[in-house]
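Each in structure tokens, the structures are laid out below.
You will see chain A twice below: alongside chain B first, and alongside chain C after that.
What follows is the complex of A and B.
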């Protein structure tokens, strides 16, 4: 084979990735030599928002995504609030934190149980000692753990019913706070729902108190936890990860960023920052651009505050609808791993020091985030003050700019808004998977997934390589956001 | 005698946000998790199934060739016909053909075609004014009949495309429609003028709204968070919007109006062609433009004036507060 042109393979459609995805692979001696990631759908929300009254963005933007709808709502509300110079009352902040924290915890739950773990039930693993257990727990559409997790989400999202009216797609998150005041009875129900969520994940996922997982500090702690709580699904994953070497698979070099989340008077639960591979540096978005060099988009690389969205299918070098976000010229990874690195969690710092960002560390970071978010949800629910305001009235805006930065489950989400003469003059969105699944930029630098796929083994008879699926899903992609 | 073969279902995503699939996953009963007990077999669903890539392509090929019987093609998301009619704004991943072509082919072999959500039904959010994608529904383009499929198209089962409208639709609307189809009891007369199942579309979102007393007295909220009626100032269209939203409730106890924000009439074709900001009520000479359906304007004006003049102090005060500031008078049982 040597000397011959490398074999090419187009992989798609993918299931369990929240939308449309196609990956083009160049193979060399059984491994991926290079990858190109294609998001093959364009809906054009940014052009739909142009010219609309600013408050209409609260209706349209959440509808970019049916799984991180609250995160999109919150980014819009924050961008509008910034443009209005509006602060939100304490109760509004708690309601925002509860809604975003509940959505993120539920997204991590669904990712683990419905999207990621079912891949280990594949027939390719029939000989592994854990395969029977994987089938029992995670068989697609039928496994015990999978069905129970889906039922848990439906139940837990009564939090959304109480605080947001419905999920997905609510208008409860307003620039001045939440349109839904909470009374004492509802506060009690919220606390009960969070307690039920804790009980479920402690009984089935961790088979341990959440705090026992949140307190892990290094790889040997993690191994001890897996041995001591072997009946849990987290331990099943860790066993599989060790057997298959998932810490070696799908490695991405960083850097990684977090916009920060859950701000409170005493500081944020998850602070903002840029992880450069060794340390956290302040996050400065002055050097942020979206580069359309390999997207079916006209125009140049611009900061999203000046960005544009003009489809152009005639570009010969283009292969995706996704523009390439770059910070100071670099592709950046976002997600739970980035958040926990920047927050300085010792376990995630230790896993990074070991083998960086990889399939295992990305999944462990999400499990850790479930363990850290639930106690915070308990606290925010208890802190709601039913007799105090939840929302300040919005103020009209004629000409202003605003940026809304939030941490969706899958990573940093930014909305950049410009209002002129009382209408939206520009609305640009960079979603988490836009970062992680970006195509190459003008300098030819591949995006994080494209880098993570290089070197991944592909069997000769594998039309849809299983290792590629592990790597893709370890990022928990949300393709519908990517291609807003 | 062999057991009747289960009703087969294929769920595909056109230009969607995935919100309908997520809503369906939260349904009770859990049709997409334990559907066989309800007589429904999901051949493929974007959040639940194992098949990817080549396996999924093989399944689609078998269905297209008629080797795998398909009872319901369930589509979420709008059909993108652009640019210039090519459909290339959404290519089916791995298949190197526009999604619109794939959907047209599969509609030809399915017994029923079901549009889940207002995008698949009418174009919905994907067809918001300003959209460049030539988005349409499967059998409607906004209020106009005819979308990807022509107005006179009928499935092998005799029904037009069944439009489970909403953004996202209530999970119950999805599951109960599919169960009725599987049972073979959904007839053309069970669909309304926009082919929405009448079991939910013959109601109005207003029915059962817990702001009913404020509505009756036209005691209106002026800002988000206040308890008053949302119709007069804050853009609420619940008195015009098809749906049993406040009768059945969402995510347990919720609803849009219960959470303090306007119904945006998301079950209706063209709901994104709002004539002003969604969260403000358009008015002419102080009177809302969109009056409750079936209500003569003169009567509405007269009744509103009368009820405003009769508004109890309690209702007037509470309407502008974010929690009850004046409780109802306590009367002894049996007192007068």
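What follows is the complex of A and C.
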């Protein structure tokens, strides 16, 4: 190909993302002119759920993903609970929050240490002043911070063992609550495990109390924090981000949505809403469709409550197994950034006002979420009441509909369930990465990652451009969830 | 000059001799090996001159198997596995991306031809030419055949790679199958479970490293040490089954008291696995599905897991309470308890028949009440 013609490049398979991913890039003068994201794995969960007894959804649907397994279980349980008109006891709610919060905090920890930061140990950065420290802390398989984080997670996930038996694919989450009652000894162990997690991230990640990070209100606060706590890995990231201009990289225009998470009597820790770029609006899902225009799927753009999943291998314009979710015709970004924006956290609002959604703000939002989640986990563990019920019995359902909306680590996850004559008549799932890594829709509008990749620099000799890897990983994709 | 290999490992990995030996003992115990085998395993793992090369392929999967391995402690996987074996290709953990990763896989296969261990995670779609799972432009079928050709040993980790697992749930939209449906000319060791217990996998690898061969397997490729006993045989709630004490609903009195989950559809009586013996998550007693109040779903058993409805009663393959059990006074339900039934029947010299009859009645009674 001559130098003047637009060059094409296929990047994939990707490592250190969950599942299989390919990105097709059109290049123009050293920059990405357009990108097409392909999720090359299809399993057909929605088809398998058709016709099964509703309670089987609790066994089948969560197996979409071994990473956000608790989030998938809770979405299923909530969809069934909604169909049954069932409320869960306070202990069940606390157990749900503990499980989801622990999974999300640990996912953010793993994403930062094992998936995202190791990219900065790349030889391309050998001349940078921070490169030696990045190698020491994040070299794959050997970096101190990376190894310590993997060990911390293994230890912290004893929370899952105590509350849910095995993980992933825990079965304890039921429509009526948790099948596992917690006794006093177990409550003490849970509190100790959360305390250990706090101690570790305060010592190594933040080198500061969590509250000091959670209280940051704007960019100058963030810079001061990085200077004052320079020994921490969060500060190392902020130094790298400033040096490489990560706030300019991988910008996505929004909007962003959150289904809301951790509901309690006095309101949710993270409320639901739609961020339109300037303000939070109430979230109305009436205008939600999944558009299969560029997916190997037959049919029209439909609301997931009426949606269908029929593979069509012969579609010429298709390039992914992923249908494109659109809200009121727009692609929407989901994740920790969306949650904290909608929750009104001043630091994230300030970063958005500055340069919107970008590699830096997406990573900062995850770190912030760790800092905000741990104190909540401490509280939920302390509030468990061993002598009170954890689960209400389920109610048989003949004909009903239910929606289960959950905030997984990577963003909003929805399960739409229809039961007819005691059997599942329709089950549709939209996962966080389905939003973020969606292909184009019928109007040709690219998905959030496809937009974020436009303009990203690509070196001539880069087979797998490093900047592309930063952008892709800043979304923390989970490809197995994307298509299911 | 002779340096003790465990001391070398101790220095290299930063794991204490004590925790390393504990780990080896746990593996030996998982496999039910005789006394002394733990020392053999320790010597083999610590003293391996060259780390065996492992190629780890991901297909139609959820990464749950890798995730559960990452949770294994004493010592953690990233220390032990990454040091003791040479993981030359693994998508989630590997540092490189794209063509580099592909090249690493090919180079490792060439350099270790006939000697590497192939691990497959995830099912292999066979319908429509295998189009439902492609990595680097190759189908899962092509990659499996290519990597299996020169492998010294093949391990299918998880139910998906073992027989198709979750993605093969009827109507099996992608024709998902296990490794042994693709690789016919070599034995494939299967470690089913969703996810499988990490110690069953690690013990299989340790066996290969220690004794130079894979452990004894059954006709489905499952290591006998892990899959020769029914869950029901070692279940901590077995006494409640024998005594006729059952939970009827999640959250009811029987459920809160930790009674047997048979009537909630527990598949323990027809599922072969060592879950109740070795547990999950390194947190001690009760950390497995039945321990947390949820019936076993039979995830290790083809035809049961993901195929049989969760509320359907298990077929009892084994109905006799141990003769040594004392008579237990029933405090819930109706009729004769299992323990007392067996006792009475035992006196009459027909324990087997009575036990089986009672078990059938249990099932039938439930079926009838469902219809009512």
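We adopt the following convention: the second predicted complex is superposed on the first by the 479 of 484 C-alpha atoms of A that agree within 3 Å, B and C clash if a C-alpha of one lies under 4 Å from a C-alpha of the other, contacts with A are read in each partner's own complex, and residues count from 1 in each chain.
In this text, a contact is a pair of C-beta atoms (placed from the backbone, for glycine too) under 8 Å apart; a residue touches a chain by one contact, two chains touch by 3 or more.
Note that the coordinates shown come from a computational prediction; the quantities given were computed from them, not determined experimentally.
Chemist: Could you check whether chain B and chain C clash or fit when both are placed on chain A?
Modeler: Overlaying the two structures gives a clash between chain B and chain C.
Chemist: Of the partners chain B and chain C, which touch A:464 in the superposed model: first, second, both, neither?
Modeler: both
Chemist: Return first, second, both or neither, reflecting whether A:179 touches chain B, chain C, both chains, or no partner chain.
Modeler: It touches chain B and chain C both.
Chemist: Looking at A:267 after the superposition, I want to know if it touches chain B, chain C, both of them or none. Which is it: first, second, both, neither?
Modeler: Neither partner.
Chemist: Considering only touches as defined above, state whether A:11 meets chain B (first), chain C (second), both or neither.
Modeler: both
Chemist: Could you tell me if A:140 is touching chain B, chain C, both of them or neither one (first, second, both, neither)?
Modeler: both
Chemist: Scan A:160 for contacts with chain B and chain C and give back first, second, both or neither.
Modeler: A:160 sits against chain B and chain C alike.
Chemist: In the overlaid three-chain picture, which partner chain does A:344 touch, first (chain B) or second (chain C), both, or neither?
Modeler: A:344: touches no partner chain.
Chemist: Using the superposition on chain A as set up above, list the residues of chain A that contact both chain B and chain C.
Modeler: Looking at chain A, the two contact sets intersect at 11-16, 18-20, 40-44, 47-48, 52-53, 55-56, 58-60, 63-67, 69, 114, 118, 140-141, 147, 150-151, 153-154, 157-158, 160-172, 174, 176-177, 179-181, 311, 313, 389-391, 393-394, 463-464, 469, 480.
Chemist: Give every residue of chain B touching chain A within the complex, in rising order.
Modeler: The touching residues are 13, 15-23, 25-28, 30, 32-34, 42, 44-57, 80, 83, 88-96, 99, 125-126, 128-133, 135, 167-168, 223-225, 227, 249-262, 264, 266, 272, 274, 276-280, 322-323.
Chemist: Residue numbers of chain A touching chain C in their complex, please.
Modeler: Touching chain C: residues 11-20, 40-44, 47-48, 52-53, 55-56, 58-60, 63-67, 69, 114, 118, 140-141, 146-147, 150-151, 153-155, 157-158, 160-172, 174, 176-177, 179-181, 189, 311, 313, 321, 389-394, 463-464, 469, 480 of chain A.
Chemist: Show which residues of chain C lie in contact with chain A when the two form their complex.
Modeler: Checking each residue of chain C against chain A gives 58-68, 70-73, 76-79, 82, 91-102, 123, 125, 128, 131-136, 166-167, 169-174, 176, 194-195, 249-252, 255-256, 280-283, 286-295, 297, 299, 306, 309-311.
Chemist: In their complex, what parts of chain A are in touch with chain B?
Modeler: 10-16, 18-22, 38, 40-44, 47-53, 55-56, 58-60, 63-67, 69, 110, 114-115, 118, 121-122, 140-142, 147, 150-151, 153-154, 157-172, 174, 176-181, 183, 311, 313, 386-387, 389-391, 393-394, 463-464, 469, 478, 480
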